[in-house]
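Take a look at this one; I'll ask things after.
Chain nomenclature is as follows: A, B, C and D, assigned in order of appearance, with residue numbering initiated at 1 for each chain independently.
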Amino acid sequence: MKLELVAAKKWINLFVEKIEDNKSELNELDTAIGDGDHGTNMDRGAKAITDSFAKKDPDNLSDLYKTTAFAMIQKVGGAAGPLYGTAFLDMSKAVKTDNLELSDLIQIGSDGLKRRGESDVCMKTMIDVWQPIATAMKNGNFNQQTINEALNENKAMVATKGRASYLEEKSKGHIDPGSQSSAYLFEALLEVMGV
Amino acid sequence: MKKIINDVENIVPEMISGLVRTNKNLVRQIDGTTAVVRNDAKFNENKQVGVVSGGGSGHEPLHAGYVGDGMLSAAVAGEVFTSPTPDQIYEAIKAVDQGQGVLLIVKNYSGDVMNFDMAKEMAEADDIKIATIVVDDDISVKNSEFTQGKRGVAGTALVEKVVGAAARSGMNLDDLAKLGQNVIDNTKTIGIALHAATVPAVGHPGFELKDDEIEYGIGIHNERGYAIEKIKPSKELAHELVEKIMDEFTDKSGSYAILVNGMGGTPLMEQYIFANDVLNEMSSKQIDVEYSKVGNLVTSLDMQGISLTIMKADSEWIKMLQEPVTTIAW
Amino acid sequence: MKKIINDVENIVPEMISGLVRTNKNLVRQIDGTTAVVRNDAKFNENKQVGVVSGGGSGHEPLHAGYVGDGMLSAAVAGEVFTSPTPDQIYEAIKAVDQGQGVLLIVKNYSGDVMNFDMAKEMAEADDIKIATIVVDDDISVKNSEFTQGKRGVAGTALVEKVVGAAARSGMNLDDLAKLGQNVIDNTKTIGIALHAATVPAVGHPGFELKDDEIEYGIGIHNERGYAIEKIKPSKELAHELVEKIMDEFTDKSGSYAILVNGMGGTPLMEQYIFANDVLNEMSSKQIDVEYSKVGNLVTSLDMQGISLTIMKADSEWIKMLQEPVTTIAW
Amino acid sequence: MKLELVAAKKWINLFVEKIEDNKSELNELDTAIGDGDHGTNMDRGAKAITDSFAKKDPDNLSDLYKTTAFAMIQKVGGAAGPLYGTAFLDMSKAVKTDNLELSDLIQIGSDGLKRRGESDVCMKTMIDVWQPIATAMKNGNFNQQTINEALNENKAMVATKGRASYLEEKSKGHIDPGSQSSAYLFEALLEVMGV
């Protein structure tokens, strides 16, 4: 399956909505094992996306993802800004000439996260959501269950990257905030895909 | 939460505006950013390597309070406890580069490292020479492959002081980066909290401690520490922290500098009492302290607590720590 | 009560010891007292009128933090919130008199006034010329025959700065006392508290405020203020305080200096935001602010709160406020 | 009635005891309308008196009062130090050649307070205890009742001197801490007088 411009725009807009609705929940998750700002950071990014779209409505896929990336890079800060920013920037570059299968697109985003964060799955970061979803898409069985399972596994992990890693064993039993915001991204995608 | 603020969203721009407007002779704000850059006559005449630091807000006076002759060329303020964005850092780099390159002093948090890295890539595309040093002085976190590595905390102020002095004296970029790394390797910090900080956007303290409890090994962003214990007399705290830090130095000879740092909500009175006990500990161990500094240098909003930094410093570094500077807050 | 201290009885001597030992190049302690006196080469060469201040402890960095070239010659620390005793003040006077007399800067509390008075009598018996000025900048207390008169609060730091600069420039004792009184008459302060201070010997906060309440007009010893209200945005607080203070100046022309002072437990972040709002207020009233200072200058232990001081200051006073000094904390 | 050396020494020692026993109560009274340190201040003075007596046991009345005065002046600080110090110093001077009637002695102390504090009765200070007691003594009717009534009146006053005066009307309804410590002084005296 490929996502065309209209659907992709709806995806990003739904993501923006979900972030705004769950700002305090994300802050609370980050208060438990981080520094309490992930909701505030992502909300700033969400508002920046809306502003950018209002200023210039993206008229092709590459532009849509690039605009999203720049809003995140320029407004989010923290760890989440460069991470989401790099994922979407890489996705934007990849669809410059041709659209891609969703599974390939998300895999490219996931690889961007790994490169920017010098990290991988099982370190209790948002990669624990992106990578299993990219894989599930490739296998044709991406659904809400995929997201829930990814979050559950993430919750049980001990962090080895990001702020939560300072807590070592004590990071267990909490959902990583970046994984939760990524879960919203993919729940938005599910809605758009109509699954 | 009771705080003297307006909208939570505008905390950082309003704070930077207040800082710049009350210190016009020292600093100016770069348009469209929350970056602050030197504004003194000497800066514009002088040709030296630029020294830029920055990070999340909430640690004031770090970093903007240390911009000025003999310390930082510019400082970039992110949102509260949030790394600044690459474009802001990039603007600060451009504003201070005088052709000899720019050294970035970054605290070791994934957000800071990533955003400064992106800014470095942007500046290098403009042919500006960039070197980066990453401060990781907090010994309460083990430096293993299983963590992000040690955090950058109060020792950052001492690193900025030594590197700033060397940059003023005309040291080139490569040597400055080497010096900075050497200083970092010899700087160790540990902190305790009596009460956690309240992030304005969250509205309640990051964690709760009982009326007689303190937490050892906390970070400057409400990161939990390694142990909760009953509060002890200052003497005993000093004994424990000095032991813990000095254990990290294999060779205990030579001279040392200390920094007793208040976390924002702890009065100077307690900081001086603790400093007195630290000096007693050091002299009972026959360790030669040649420089000491006490105050709220690297804070964590309204956190109540204190950190101790010990730096193994040869006489040249001691001299660089002592040199007068013209900044808002050193 | 959680504090980083040892015995409550030893708080002041241990604090002074910590302060002196970490600033040996600047100050020394007078044997057998908790008085701190200049220890720089220039002090011993120079012949100037001595400037001595002091008062209860708990207001750090006031006064010991302001001992040094261009500000105080000596500072005498009493117990927490308690005036020092006459013999300690007398020792400080003797240590700084260089034959040109000594000016005493006293905050207007009956204890301070009486103890400094007794010390003055002792020094005069030694033929040392003494003049006294009494700082009473707190406009939240009415100056009537029915009270002790107005209190001396944060404006004291500005008075010490101007008087210190004039003393360094060689002004004689009489003129210095006149200048000091003139500065005091043109210096007005008002403070608010979000949370009262905890006196170590008492062990609990001096008063309780609800989670959304602030108290207007508090003193620096937990003295209650004139009104309790719901906390407001910084802008509105700035508006109210500026109005209230500017009402006290009959002639609003000329130039002004401002001091935004943190009470000890309030982060610099909030102080800068408030300072920004104060400057907005002043400029909307077309009042010319030529000097501004922000920080924990005159604190009240761990009190959370802020005070605003406005001084009507001609260009000479502004220059004296700006002059660099060599102290621990200015 | 006159107080001879042995009785006078017992008086001061009993006063010291009462101050030490009631240190926190005095701090609490001072917390309500002052700055919370009157108990701590007086306790420091009490210990200094004991130390001075141990160093050199006063062998005449004048010396006894002078030693008490110096201990207060040198160790108490605050308002109470110079006040008690001046009262006892004046009393010491007055008994240099001849002992005095108690009523005259206390009147001299009370006058010392007024001079040092530039104050008088009805300003809600310790003078509200010293003066009525000096008067009652003159009239030959000094007893526990005198002290209680003095404290009661003091409690009802609005302060116009000392820190409590900043509270204006709100100082009403609290006992002035210096008046309470003075009450202990005179309760000690009653015990010594055997009334």
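Here is the rule we use: a residue touches a chain if its C-beta (ideal position, glycine included) is under 8 Å from a C-beta of that chain, and two chains touch if they have at least 3 such contacts.
No experiment lies behind these values; they were computed from the predicted model shown.
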Please report the smallest number of touch steps linking chain A to chain D.
3
Give, as an integer number of Å, the spacing between the C-alpha centres of chain B and chain A.
31
Chain B to chain C, mean C-alpha position gap in Å, rounds to 29
Rounded to a whole Å, what is the gap between the Cα centroids of chain A and chain C?
53
Multi-chain touching residues of chain C, meaning two or more other chains, are none
Could you say which residues in chain D touch two or more other chains, in rising order?
none
Treating touching as the only link between chains, describe the layout with one word: line, ring, star, complete or other.
line
Write out all the pairs of touching chains, ordered by chain label.
A-B, B-C, C-D
For chain C, which residues count as touching chain B in their complex?
2-7, 11, 14-19, 21-22, 57-58, 60-61, 65, 194-195, 211-212, 214, 231, 233-235, 237, 260, 264-277, 279, 292-296, 299, 301-302, 304, 306, 329
Tell me, which parts of chain C touch chain D in their complex?
56, 78-87, 109-111, 114-115, 117-118, 141, 145-148, 151, 199, 201-202, 206, 219, 221-224
Show which residues of chain D lie in contact with chain C when the two form their complex.
27-28, 31, 34-37, 39-41, 44, 73-83, 116-117, 158, 160-163, 165-168, 170
